[in-house]
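Below are two complexes that have subunit A in common, paired first with subunit B and then with subunit C.
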Partner chain A sequence: MKVSDLTSDAFAAALGSGLAVRLGPFVVHWRVTVPAARGPLHALYAHHPLAEPDEPPDVYVDCRAHLNPRRPWSRRIHLSIDGRFHAAQARAQLSVPALEWTMNWSLATRAHEYLMLHAAVVARDGRAVILPAPPGSGKSTLCGALVARGWRLLSDEFTLIRPGDGLIAPLPRPVSLKEGAIAVMRRFAPEHMFAGVFPGTVKGTVGYVLPPAASVAAQDEPARPCCVVLPRWRSGAAVRTEALSRTGTFLALNRNAVNYSILGERGAALLAGLAGGCPGHRLAYDSLDDAVDAVGGLAA
Partner chain B sequence: MSGRGADAVAVPAAGPEGRPADSPPARFAAATRESLLLRVLRRPQIAAELGGADWGVLLVQASGAALGGRLAALLEDAGVLDRVPARARDRLAAARRTADRYERITRWEVACTQRALRGATERIVLLKGAAYVIAGVPIGRGRIMSDVDILVARPDLPAVEAAVRVHGWRPVKSDPYDEHYYREYMHELPPLVHEERGTVLDIHHTIVPPTSRLKIAGADLLAAAEPIGGTGLWRLAPPDMLLHTAIHLFHDGEVFGGLRELVDLDGLIRLFGARPDFWPGVVDRAGHRGLGRPLFYALHYCRHFLETPVPDMVHARLATYAPPAPVRLLMDRLVAAAFAPVSPRPEDNGGAAARWLLYVRSHWLRMPPLLLARHLGRKALVRFAARTPKARSTRSGRGRGAPDRRRRGA
Partner chain C sequence: MPTPDSPDVWRLADPSAFALFGLDDDLIVYDRRSGQTHLFNALAAEAFRALHVRPLTEAQLCALLTDMVEPERAAEAASALSAVLARFAALGMIDPADA
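Up next, the complex of A and B:
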């Protein structure tokens, strides 16, 4: 059963009492009583399957209006992880970005059964391209563009490497775009669905693109990493790729590894294996169309 | 809350609005009310029979008590790990990896400390987590630890402090009052943080504040310490290890991480309890040093929550140290509230008042009333000053999540 199989009323009721959804390899248990969050969540996670009743949740995320007895006039949204306060959000309209960030934080701090990279990852024909990059480099924009051109979305935020076989476990979730990237994406792929645009967050305007149904349906099928591409958007630049040395690739992956130090030697070995098996490239671009073609060429 | 003897795995509950009792929300609500964690800590084997919803709750309770890695190690030892649902096993493995990292850091920090202190003092006695790891005490496996705690001879303190400063450790606090507080009233130097690695080193000269009503000479602890084979390092004698943790939990303000410390006590007793000189040593020392009360609490709550094997004879002798009935009733309530498991439902997680009372109690025990009034007055003033807008802007660099990790210190 999928989230979209629930009517919006049924979804709201289930959210209020607790609803467990499968996001890639994880089960996230939501309890959300903020009305403003229901619609966008229902839309953004429409394709995701509900968890079986007997699957233990990996994380409990709770989002509700909190009444502070000392300041009864100010209703804030409280987000909790595993029953404990995590963050507050002043405006109910921004509950969904706050929920997304809370889920990101909770996964980043607990999913140590994987080597986690802060990187987008997409795949075509079973070959995955890892896009590790710091915020602001256009990583999510390029990821969104590739997905709009038919690539399979594995993840926009975390690349999960399985320690056993080095394959990537997909975690398809809404692709988050900020500020100007939203307009860029609307021009590039008008059919692409923004299922929620939220102006006024601490990161400016944030928009979420619905993950394609096919990507979510394939969320249990791992993919083999084939190359690493470091995107960098530059206004007016002609598209240009530059091969990285193996060391350069290792360092780029290392800089974006979330839990490298927790995995210790195992993490180092996994990262070295990844850098050894996947050629790395820098990609400077201005036009998304050129960049999409370039990535296609590198992954071929 | 502890539900002793009620080890049935299925938790029957009346469903609200006529919902069947075992519907997921009802089961969820029921399972969160009592401590699955305590039941599994007592009998790891029952983990093999838990259902998925139980696992979700158990893992929240374990990580909420900073016992996720410890639980993983315990289930591994009990041989039930392969009968755990795959997803729960992943969570346990992840918790174990986090704990393994603490262990690696601890080993490294201990080696660095040992190198830094070469020539500065004769005996470096490792305390708590560092001792468990280096001495290979089983409770060190999967245990989360933060600081390295060591005990050295008081006369060596100046040389020790100078040596670690040369090697890059700096005081965490620069406030002259905190500095003064530690040097005058505490059993340890102001905590030191390494300027490159960010790790914290606590250097003790005894295990209770000199201002508290308990008096323990650091020299006695050092003299009784035992070498850790092949390392050149030392650990406390087993009875002192037990008493140290008991004091920490039931005399200091460490009730925040209470259950974790109780698990330490339980592990120490299970490991050393069979030694012929262990219990006589514990009872003697407790008598001589006025530690009867914290020891009574430690053993009482170990037996109550974890069914720790404490010989009846020891328990009977300790009964003389039991507090008067009303105090004991109050403590039972407070400790049960402080140890109450974290629930995945935020509305269930109260207990702040009990923890606050226990924290106040720890300060009451730590120093004479006049000194306490001065100390808390000063702290309140500082906190008030920090609320003014001017102070706030200078503090903003610390970030939202900056942990107040010296809660117990000042």
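Up next, the complex of A and C:
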């Protein structure tokens, strides 16, 4: 059963009492009583399956109105992870971005059975392209553009490398775009569905693109990494690729490895194997069409 | 260059402490004791690999590494080797063999 199989009323009721959803290899249990979050969550996770009753949640995320008897008009919300206070958000209207960031934080701090890279990852024909990059480099925009052109979304935020076989475990969730990237994506792929745009967050305006149904349906199918691309959007730049040495690729991956120090030697071995087996490239671009073509060429 | 106060023979402090991963000519060394990862260039990689096989004097290492460089850059390589060994020692990766 998928989230979209529930009517909006049934979803709201289930969310209020507790609803477990499978996000890639994880089961996240939401308990959300903030009305403003229900509609966007119903839309953004429409394709995701509900967890089976016998699947224990990996994380409990609770989002509720913060009741202050002295300020009954307050719209603050209260977020907790596994029953412990995590964050407060000043505006209930921003509860969805706050929930998304809370889930990112909770996964980044506990999914240590994987080598976790701060990187988008997409795949075509079972071959995955890893896009590690710092915030502001256009990683998610390029990821969204590739997905709009038929690439499979594995994740726009975390690349999860399985230590046993080096394959990537998909974690398809809404693609998060900020500020000007939202308009860029609307022009590039008008059919892309923004299931929520939230002005006034600490990161400015944030918009979330619905992950494709096919990507979510394939969330149990790992993909083999084939190359690493470091994207960098530069206004007016002609598209240009530059091959990295294996050492350069290792260093780029290392800079974006969220839990490298926790995994220790296993992390070093995985990164060295990844850098040794997957050619790395820098990609500077302005035009998304050119960048999509360039990534296709590098992955071929 | 080897100096009079250099120890005669260098050896790895604890050969079982290091995991080595070669990438092109470079070497990634993971130190299990500290949890630190080190990246060695070609010269340092060759020196570390040689010491991983057996203890060596700086002069022996220098002779091994001479093959890697143009003859006119041998002095430069010897000087770099001294710096590399000092760095290895500072990181606790090598010890004088008679220590």
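Please note the rule applied: the second predicted complex is superposed on the first by the 294 of 300 C-alpha atoms of A that agree within 3 Å, B and C clash if a C-alpha of one lies under 4 Å from a C-alpha of the other, contacts with A are read in each partner's own complex, and residues count from 1 in each chain.
One rule holds in what follows: a residue touches a chain if its C-beta (ideal position, glycine included) is under 8 Å from a C-beta of that chain, and two chains touch if they have at least 3 such contacts.
Model, not experiment: these values are computed from the prediction.
Superposition note: with subunit A as the common reference, subunit B and subunit C can be accommodated side by side. Contact with neither subunit B nor subunit C is seen for A:189 once the two complexes are overlaid on the shared chain. Look at A:264: by the touch rule set out above, it reaches both subunit B and subunit C.
In the superposition on chain A, contact is made by A:275 with subunit C only, not with subunit B.
In the superposition on chain A, A:250 makes contact with subunit C only, not with subunit B. Of the two partner chains, neither subunit B nor subunit C is touched by A:167.
After overlaying the two complexes on the shared chain, residue contacts for A:62 are found with subunit B alone; subunit C is out of touch. Once chain A of one complex is fitted onto chain A of the other, the partner contacts of A:29 are limited to subunit B, with no touch recorded for subunit C. Of the two partner chains placed by superposition, A:213 touches none, neither subunit B nor subunit C. Taking the two complexes aligned on chain A, the least Cα distance separating subunit B from subunit C is 5 Å. Residues 261, 264 of subunit A are contacted both by subunit B in one complex and by subunit C in the other. Those residues of subunit A whose C-beta lies close enough to touch subunit B in the complex are 17-18, 20, 25, 27, 29, 31, 52-58, 60, 62, 64, 78, 80, 82-85, 87, 110-113, 261-264. Subunit C meets subunit A in the complex at residues 19, 21, 23-24, 26, 28, 30, 32, 35, 37, 39. Residues 245-247, 250-251, 254, 260-261, 264-265, 268-269, 272-273, 275-276 of subunit A are the ones touching subunit C in the complex. Contact residues of subunit B toward subunit A in the complex are 24-25, 28, 51-56, 59-60, 63-64, 85, 87-88, 90-91, 93-95, 97-98, 100-101, 104, 342-346, 348-349, 400.
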